[in-house]
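Down below are the structures I want you to see.
Next come two complexes built around chain A: one with chain B, the other with chain C.
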Partner chain A sequence: MKEKRKHVIVAGGGVAGMEAAGSLAEMGIRVTLVEKGEDPGGHLLQWHALFPGRRPAEEVRKYLRKRIAHENINVITRTTVEKIRHHGHEVIADLSGGKQERADAVIVATGFDLFDAHRKEEYGYGIYDNVITSADLEDMFNRKKVARADGSPPSRIGFIHCVGSRDEKVNNNHCSKVCCVTAVKQAIEVRKLLPESEVFCFYMDMRMFGPYYEELYRESQEVHNVNYIRGKVSEASVNINNRLVIKVEDTLAGRPLKMELDLMVLMVGMEMSKPGTRLAEASGLNTGINRFLESADHHYGSNLSGVAGIFYAGTCTAPMNITDTISHSRAAVEETVRYLGGR
Partner chain B sequence: MSEQKANRFGFAINRSRAINYDTSDRKVREYVTLREPSFRLCFACGGCTAACTTGQHASFNLRRMNTYIRRGEIDNLREEVTRCMLCGKCLLVCPRGVNTRNVVAVTAEALRKLDRNEL
Partner chain C sequence: MKLEGKKRIWAEYQKEIPDDHFFYVRSCIRQTFFAGSEQVFLKILRDDLGKDVFEDPRHTTCTGIGYHGDVVPFETIQTVVARHFALATEAGYRHIAISCVTSFGIYSEILETWKHFPETLARTREDLYKATGRTFEVPETISHTSDIIYKFRDEIARKAKYNLVDIKTGKPLKVVEHIGCHYSKMFPKYGVGGAEFPHVLIGMIEAWGGDVIDYPERRHCCGFGFRQYLVQANRGYSLFASRKKFESMEPYQPDLIMANCPGCTMFMDRWQYTIKEIDGITYGADGHGIPVLTYEEVAGLVLGYDPWDMGLQYHNVQSLPLLARMGIKADPARRFLAKDGTRLPEPANLING
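The block that comes next holds the complex of A and B.
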């Protein structure tokens, strides 16, 4: 008797979801990749050049697009996975618009949301013209123009680390991991685009956890003259010259410091995504104190949900860079295949 | 005479610059931690100091004070601590949720007690 071909639903078409879909398809498994947005790609669609090597983000996007261009993969866009439940030997997914999809397993890859910078009102995002987020700056890089709201080039730019991360005031005690190295990368890019400019990073700790990150930090000082000041910025205001003024303590000098800036970049952190949260709530999936999906085991089961047939991939479980997201996603595929074979 | 010779480079007369953690006075730290347990959460970001009006004009630095208390370096604090107006601005900033204002109040209390030999 010929066995029915296995079918897996992948919820979320970012880096994690695309890599999972591609790996599964390669093994002869039928995949339905469900993406809420217009196109698969997730946050990677917004980035210009990637740390640590500053390669164009387009190279990785191209790899992923190729990965999902496979006859075993059916991509459904503009559709949200709202609920998943285990039923007999199947997993049933409720999709937006009242549709249902049945499969043998589901990989949840719902990713993250950027922290909404409006919530740190003291930094003036949405209030002052020249306060932008790291994501807004990527957009400027994509358009090849870093400028103030009036179109003029900024002569002093400040990067504010840990916006919406490591901050009890916004209910996020976790570190978002990638924003320190993103600041270093963006600081270098700004210095290259605007060689006359001065660039300062305001950090609490420099978390250069990945390969070549510390080297990039070093390069930023040695080659690009990026300045680092250790202290948490408490607030920003605007003076009569329409320049931003920030207040911080230079904790290494042990004294309060004021500085005028032309452009202030908020390094926004990662939070559990809203559609991911709704999916978790509707499906009874556990979330941790950081509100990301809680895996069955932090060391050897980080892809396991604890529910048979439901697996996790990527930043829906914790902040990660692309490298770790892809590794985590491949591991989720391995767990899924093992589960399918063992039934 | 021989003592003078030995002191020619000043080694014996200068007080050590090092923080000697083993001989430092931990009473103030213990008192503050007990009365205001959130004191332990400070990760020295300086947000409080940046926000503090007093610190812009006079030598008072809450982040540094926290560090000094932890190291048992309390000599400088007696005067500084009286400069805080207990306005609570620092409280609004602290990303670790330290009850900063109460840390100052309890520290002032601890130093008073220390001077009266009540700690």
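The block that comes next holds the complex of A and C.
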């Protein structure tokens, strides 16, 4: 008798989910890819260019779209996986809207949410006209126009690092890893679009962990004259000319600094996604003190949930860049296939 | 500036402010520096709004200034505050109305401590009982008295005889609001509107017709800062902090500074005198100083109270230009006359004359 084809549900259609779905499909496994948005792609849909080489994000989007254009993959959009249950060897995924999917395994790839910058009230996001997030700036890059709220070009731009990361006040002790290099990339892009502008980055530490990141950081200073000030911005306000006024301590010079800005970019970090949190709570999956999914083993089991038939891929476990997300996702597929073969 | 953004924050920081039956605890320094403010509060609450406010003459200082000056230990101040709660309990009151922002911060800190470390509450109960034989219930609510005026701001507006409007131009007066640091910077949830964009005074100013100025140094401390002022050698810090604020608000040409903290009201008033004496500088329009009033004094003006009955003449920066703008007829010649016609002491070198 012919063995029934294996079926895997991938919860989340961002970079990790798309890569996992594509890899599974190539191996002849039937995949149901469940995505909460209108289209798969996740946060990458919003991004204009990627670090470190500033390649167009569209190139990676194109690659991922091609990955899931496979007859073995059924994409369900505007839907989330709310709960995962077991029924014998089967896993049952309760979907939003009341439907259910039955499968042999689930890869959780629910990704991350960007930190809600409103929560750092002292920066005035949503109150002061010219305070934006790094994601908002990518939108401006997509429209090829970096401008203040009144449409005028900014002459002095400040990037505020670690917004919602490494910050006990918002209960996020973790580093979101990619914001530093994103700021470097965006600072260069701003300088290229607005050559007359001055750009300042206010940082705690510059964590240039990936290949070519350090080179990009140097390039930003040597070629593009981006200024780096080591210190955390304590508050922002506006003056009578509607220019932003920030207070920061320059910790290298050892003195407080007050500066006027035309545009302030908040480098928002990563938090566990809300659908991921709901899924973890409903399904009894462990989360760490950083509230991301906690893997069964930190070193050699980062794709394992500790629950039979449930695997983790990508930033639902911790902040990571696209390169690491794709690698992590492929590893999740390997663990899943090993599990399916052993049953 | 997007008002919706502020409203979003204000919606997140709403607190329970009772409607009636308050146990009133006075401030040590307000009764000296703005003698009329606390009386005006009581008069508004009792006579204009018909509320029950109880005072116990056995109420004492909370010792907050000593606590922040590092001469009163935390255990001591907890016991002193517990005694206040015992007086309220004995009188049958569960809602504390606190006149002083320092005290309000102390009460907030103690209640939070008791919540997170219940053993400290048990210890305080024991200490109070041993020292005085008293017992107490933890109050249901604590409100700063600016919270209470905020709660009734619209009722006051409906009874208004004057508004924060220039009667000649019909334009709203430009008002700087200044919130005491200990009102909500330590525990944002205890303050109306939180710590970064507190709504407590803004709500009053807008309800009474004024426009609020949001200037770069709005959040900055007035400079009181206990040690900065209590240690004489540090007073330059205190003066410099106020000066920084004045310079930041000056381009907006404010008509009035309204504050909810005893120290802030005093220092922002008195330091204007000092700066004028040292450098000959004033920060208001037409060479005037900027009057600094408490929210009760402003509420009293709105309700038509006599400025001299409220003691406005005992601020260093006189309110005569403000009163003229609001259309309040107050005879300057009566400023330093008591009700029986005897002459009151007149401070020298008043600003705005």
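Just so we're on the same page, the second predicted complex is superposed on the first by the 343 of 343 C-alpha atoms of A that agree within 3 Å, B and C clash if a C-alpha of one lies under 4 Å from a C-alpha of the other, contacts with A are read in each partner's own complex, and residues count from 1 in each chain.
Methods note: a contact is a pair of C-beta atoms (placed from the backbone, for glycine too) under 8 Å apart; a residue touches a chain by one contact, two chains touch by 3 or more.
Not measured: the values here are computed from a predicted model.
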{"item": "First, second, both or neither for A:127, with chain B first and chain C second", "value": "second"}
{"item": "Touched chain A residues, chain B compared with chain C", "value": "B"}
{"item": "First, second, both or neither for A:245, with chain B first and chain C second", "value": "second"}
{"item": "Contacts of A:118 with chain B and chain C, given as first, second, both or neither", "value": "second"}
{"item": "Chain B versus chain C as contact partner of A:233, first or second or both or neither", "value": "first"}
{"item": "Which of chain B and chain C A:255 touches, first, second, both or neither", "value": "first"}
{"item": "Chain A residues contacted in one complex by chain B, in the other by chain C", "value": "122, 235"}
{"item": "Touching residues (chain side chain A, partner chain C) in the complex", "value": "118, 121-122, 124-129, 235, 237-240, 242, 245"}
{"item": "Chain C to chain A touching residues, read off their complex", "value": "1-2, 4-6, 8-9, 194-197, 214-219, 251-252"}
{"item": "Footprint of chain A on chain B - complex, ascending", "value": "43-52, 55-56, 61, 63-64, 93-97"}
{"item": "Chain B-touching residues of chain A, taken from the complex the two chains share", "value": "122, 162, 166-169, 204, 230-235, 247-251, 254-257"}
